[in-house]
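Chain naming follows the written order as A, B, C and D, and within any one chain the residues start at number 1.
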Amino acid sequence: VTAPVRVAVVGLGYWGPNIVRNFYELDEAELVFVVDRDAGARERVQRRFPSVRGAESLEMVLEDETVDAVAIATPVSTHFELASAALQAGKHVFVEKPLAASSSEAEALAAIATERGVVLMPGHTFLYSPPVIKIKELIDDGEIGDILFVTSSRVNLGLHQSDVSVVWDLGPHDFSILRYLLGELPATVSAMSRSCVLPDIPDVAFINMTFPSDTIAQVQLSWLAPSKLRRTAIVGTRKMIVYDDTATEPIRVFDSGADLPDPESFGEFRLTYRTGDIVSPRIEATEPLSLELAEFCTAITDGTPLRSSLAVGLDVVRTIEAVEESLRANGEPTRLVAPAGSRRPEA
Amino acid sequence: VTAPVRVAVVGLGYWGPNIVRNFYELDEAELVFVVDRDAGARERVQRRFPSVRGAESLEMVLEDETVDAVAIATPVSTHFELASAALQAGKHVFVEKPLAASSSEAEALAAIATERGVVLMPGHTFLYSPPVIKIKELIDDGEIGDILFVTSSRVNLGLHQSDVSVVWDLGPHDFSILRYLLGELPATVSAMSRSCVLPDIPDVAFINMTFPSDTIAQVQLSWLAPSKLRRTAIVGTRKMIVYDDTATEPIRVFDSGADLPDPESFGEFRLTYRTGDIVSPRIEATEPLSLELAEFCTAITDGTPLRSSLAVGLDVVRTIEAVEESLRANGEPTRLVAPAGSRRPEA
Amino acid sequence: VTAPVRVAVVGLGYWGPNIVRNFYELDEAELVFVVDRDAGARERVQRRFPSVRGAESLEMVLEDETVDAVAIATPVSTHFELASAALQAGKHVFVEKPLAASSSEAEALAAIATERGVVLMPGHTFLYSPPVIKIKELIDDGEIGDILFVTSSRVNLGLHQSDVSVVWDLGPHDFSILRYLLGELPATVSAMSRSCVLPDIPDVAFINMTFPSDTIAQVQLSWLAPSKLRRTAIVGTRKMIVYDDTATEPIRVFDSGADLPDPESFGEFRLTYRTGDIVSPRIEATEPLSLELAEFCTAITDGTPLRSSLAVGLDVVRTIEAVEESLRANGEPTRLVAPAGSRRPEA
Amino acid sequence: VTAPVRVAVVGLGYWGPNIVRNFYELDEAELVFVVDRDAGARERVQRRFPSVRGAESLEMVLEDETVDAVAIATPVSTHFELASAALQAGKHVFVEKPLAASSSEAEALAAIATERGVVLMPGHTFLYSPPVIKIKELIDDGEIGDILFVTSSRVNLGLHQSDVSVVWDLGPHDFSILRYLLGELPATVSAMSRSCVLPDIPDVAFINMTFPSDTIAQVQLSWLAPSKLRRTAIVGTRKMIVYDDTATEPIRVFDSGADLPDPESFGEFRLTYRTGDIVSPRIEATEPLSLELAEFCTAITDGTPLRSSLAVGLDVVRTIEAVEESLRANGEPTRLVAPAGSRRPEA
């Protein structure tokens, strides 16, 4: 058996404690350090997990040669500095989504990781949620056919962020899911937004996307909404899926579609519509974060590939950037090009 | 008492017979002619309404001086020719939505109507549906506050049209409702579509819109969908509305929002979220088409203003045209400008 | 080909015109007479179906030897007199549910029909509704296993009857469906009711039932309810079904249950719960009344057995009677015994 | 300020730890002891709440004069012995529902509490859930009118108990809610059940109830069900309520009903149906157990009356007993009589 990966968690704000708890419970990991400037935050964690050491800053952790990996759960503006320091010190690094505050930062981190031969993993937790995994299976098995279009609504009342827009806050969920399901970077994005409550902090955004495969997508993000919606519809040539993350039955598969018999023989089109059974497949209740952090560990020990891969993380940052560019240009479509020499999209 | 308006109905396809039945039952109207090239279609109507005369073409009807008004329910490509002939003959004209196949055609019809001093009414029936009327009341009463944004999904499986796109088929519903509720022409539209089933017939379209008042809107139209959706969310500064035309309770009013207390006093923002009662107001069950045609009659006899006014009809055609232009330009936003001398939007 | 069955329809109130229309459209039938005391009701029907003759009373129809069958859609208190006259005259008879106002009346009708060798069919239309047919198939195929219990709610606001209770009005639906799905007469019923609005007209009733097979059932009937419910849950040893007659997906099949492994080996019980896929099978949209009346015709011409058989009709009346008896006895359970020599329940 | 009530919690199984946590967090209480035979269970609690002392049995706690009150969360079969010992020792006692395993036990406990002048409180937590409190307010304010009938479904898949039936397990919820909302003991109950999975452990029960005020009720309880239902409908003469404990909007108030104008003037009835607005009142998210335990403390210190009063606890046990008696008598209705000298129902 492999020795567990010795991990330090940096940032004990809203999300960090969840990472701490999951690493603590994982057989593949040994939680050795929690890092936060706030002594109170460290103490709250240490009271629950007394074996864990606290540190005020990342430096002391990086000097500790027994630490294999660092997980970063700090505000996105600090990701680059912290992650690059950890990578330079030869540590494997897990960074909460989004990977960095710009694609140039994200690419620089990727370059350091490659150079140092360590794992750099962005934390797109949704890729480990059982419904998303099930949808990916259905697509890969050919059940859905080619994906014609996707629409997604991710809206609720609150919580407004004061430093980033709804695009940086909620967008990574949809952009990573689309990237994972379609396996490609968008070709173009065009977007519209409004800052309804706080000045210059867009809290509603409408985003249209095209993909190289001809799939198109529409994403609606908002912190202002009458009721919580987490609804993604995926329309394929064979079947259609509705994924509602708030429902008891998160996935419903519709055996529905329009069929065009050989148009040659009729001189003109004759469409038939298929509406067959609807199936809600059984979805296991597993904590996605636990699966995600376990995969980080096995990527370190065995080199197993990551669902939430570096390529996904880079593409999500590129997508956000393109959305922001379109917003600045009043909705002009922005063209995305994966940089030369970048990993192939399907990686 | 005023004498009833003597009406001829042209076009007995899918929708025409509904117009026939409603005129027949209205006290304000007397149905005198049904016009269709297809003798079988005329006979089916006349069997049910034996007092009505049939005519093969519009000409003979226009020569009859006792005919006051003509209602046109033919394909949109024929609207201009039929409506202009009727208007030139001094008849009042009701035209099923959309008013014409282009804004130049629509404006030409408007000019003839003005010149001849007759009523020209586009048939935007949704403006007479009790839920839409109720929403308009709530907005006009200030219940909702300023409208921050609107999102609308109008999707179902089928029916593909072979001659027009989903934008011409389903778009007029949303565009007329938005025009009615907001009282203004969009400032810009940008759109994306795909022809999933029939070549060159877009069957899914994603449309983003800005308005002079800063309201933004997102509209999703599709003939391919896992299940029928008719859901419009209207988010205002005071309350929010969800309008679901397929639900037993078509309107739900949410006393929800985000409130920003005086930011001066705190140095930084402090948001509070309000989530109060949700009310489903009682909505009467009335046939919108009956209300609409009655209003056409009273506009003729009394000059009462129309909910589905000519200004609405013109703006809907302008909006569709702008969407089509954006589609041709791969999603470039199209700017809409109401022509000089046009009626003010609120007309 | 067989000659169509020549039918007279008696009673042109609320439901009769639907029977008229369906017979008119059926190839297997020829509608020859409509019978009603009200000349206006006859005229309204004859205007739509000009070939049909009108009659003021049943007598004249019974004298007409070319009439093969009579369909009776009058108030239940008149069923016995009309049906027995028609049967005595050698006509095949269809009677709207419930078959008669008492089991002695119903049995007397059955005896006449047997003696005269004609078909007597009660009109339990729900047995021809596609969801009920589908559920019966699932049960017969063994998909559901043994049926442990059934619960049913059939409630809405209105319409109060002034002559019969909610048990006579709504009860036949549930009692016939249970009789059809389970294939047996209840062993006992106990019931509770209240006359909330009109004196001595129970408008809410709660009915508990046991069956010889050990299945138990609970039925809730009401004309007073916050919202319309038509929900039947069928819990079997293998799967469970929810049948909601008001839903877009009327049937949902749950692959759920509790499994008890061999208790011997453990000394004590260990239950496991199964929650698998949920399937909404595609249900065809067919008018049940049309299927029902067609079956009446083929029963006459070919002797094909009836889904809504005489045995079902007799058992439904027996069940209502037992419910009424329990109500009179303040909820005492009433035992049902199929009379000696009666058809076997599964007939 | 009053000194906090010094409490011992007995029983650290499924529910006990919730009581522990809530007492720990309450200002009105000081948690001093946890009692359980299982050392491991005590340790798990003490690790989280280090200031709490552990005890293997209740005796040592009762000897401690600084302990004011005991909360019992053990199996129902042990309630009488533990509670009577605590009451005899002069302690105030909170007992998880149901109060005792029989009404004679429950009455004996009540007698001791009265004699010793201490508080005895049954833990009917649902009476502290915000939706139930809101419904009670609506009823007390006269919004609903007289309550005509109530129907309740409380079903889900699992968890089967091995020692008590579904009536003892789920019944106390509905029986206490009905007792609280109606303020009266049932007059009669009749019940039917089946042991579907484990022998002699009924896992589905159908219960009909009458009340002295003429209200009737139907309760459905089951551990076997296709999907979780927690739905109670309350039909009043003025309005109707649907309470769904699993929904985002737990209460919906329907301004619906049937109105009978003066029947004298018409000679016969003429009903009109009212269907007005539907309102989902805002419900606060508060933990009911915390409110309940706080009330236990203030009842001790200030003598404030209890929502979950001793009278409610006694009546719930009487109701369960009557249901069991009806089950043994194959559904015969059982008459309930509050013993002479008992507190008035509204207490």
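As a convention for this text, a residue touches a chain if its C-beta (ideal position, glycine included) is under 8 Å from a C-beta of that chain, and two chains touch if they have at least 3 such contacts.
For clarity, every value in this text was computed on a predicted model and none was experimentally measured.
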item	value
Pieces of the assembly without chain B, by contact	one piece
Separation of chain C from chain A in steps, with touching chains one step apart	1
Chain separated most widely from chain D, comparing mean CA positions	B
Chain centre separation in whole Å, for chain D relative to chain C (CA means)	40
Interchain centroid distance [CA atoms averaged], chain B/chain C, Å	45
Distance from the mean Cα position of chain D to that of chain B, given in whole angstrom	55
Multi-partner residues of chain B (at least 2 other chains)	227, 275
Chain B residues within the chain D interface of the complex	249, 255, 275-282
Of all residues in chain B, those that touch chain A in their complex	148-149, 151, 153, 157-158, 160, 162, 188, 190-194, 196-198, 204, 206, 208, 210, 214, 216, 218, 220, 222-227, 233, 235, 237, 240-242, 252, 254, 256-258, 260, 268-269, 271, 273, 275, 330-333
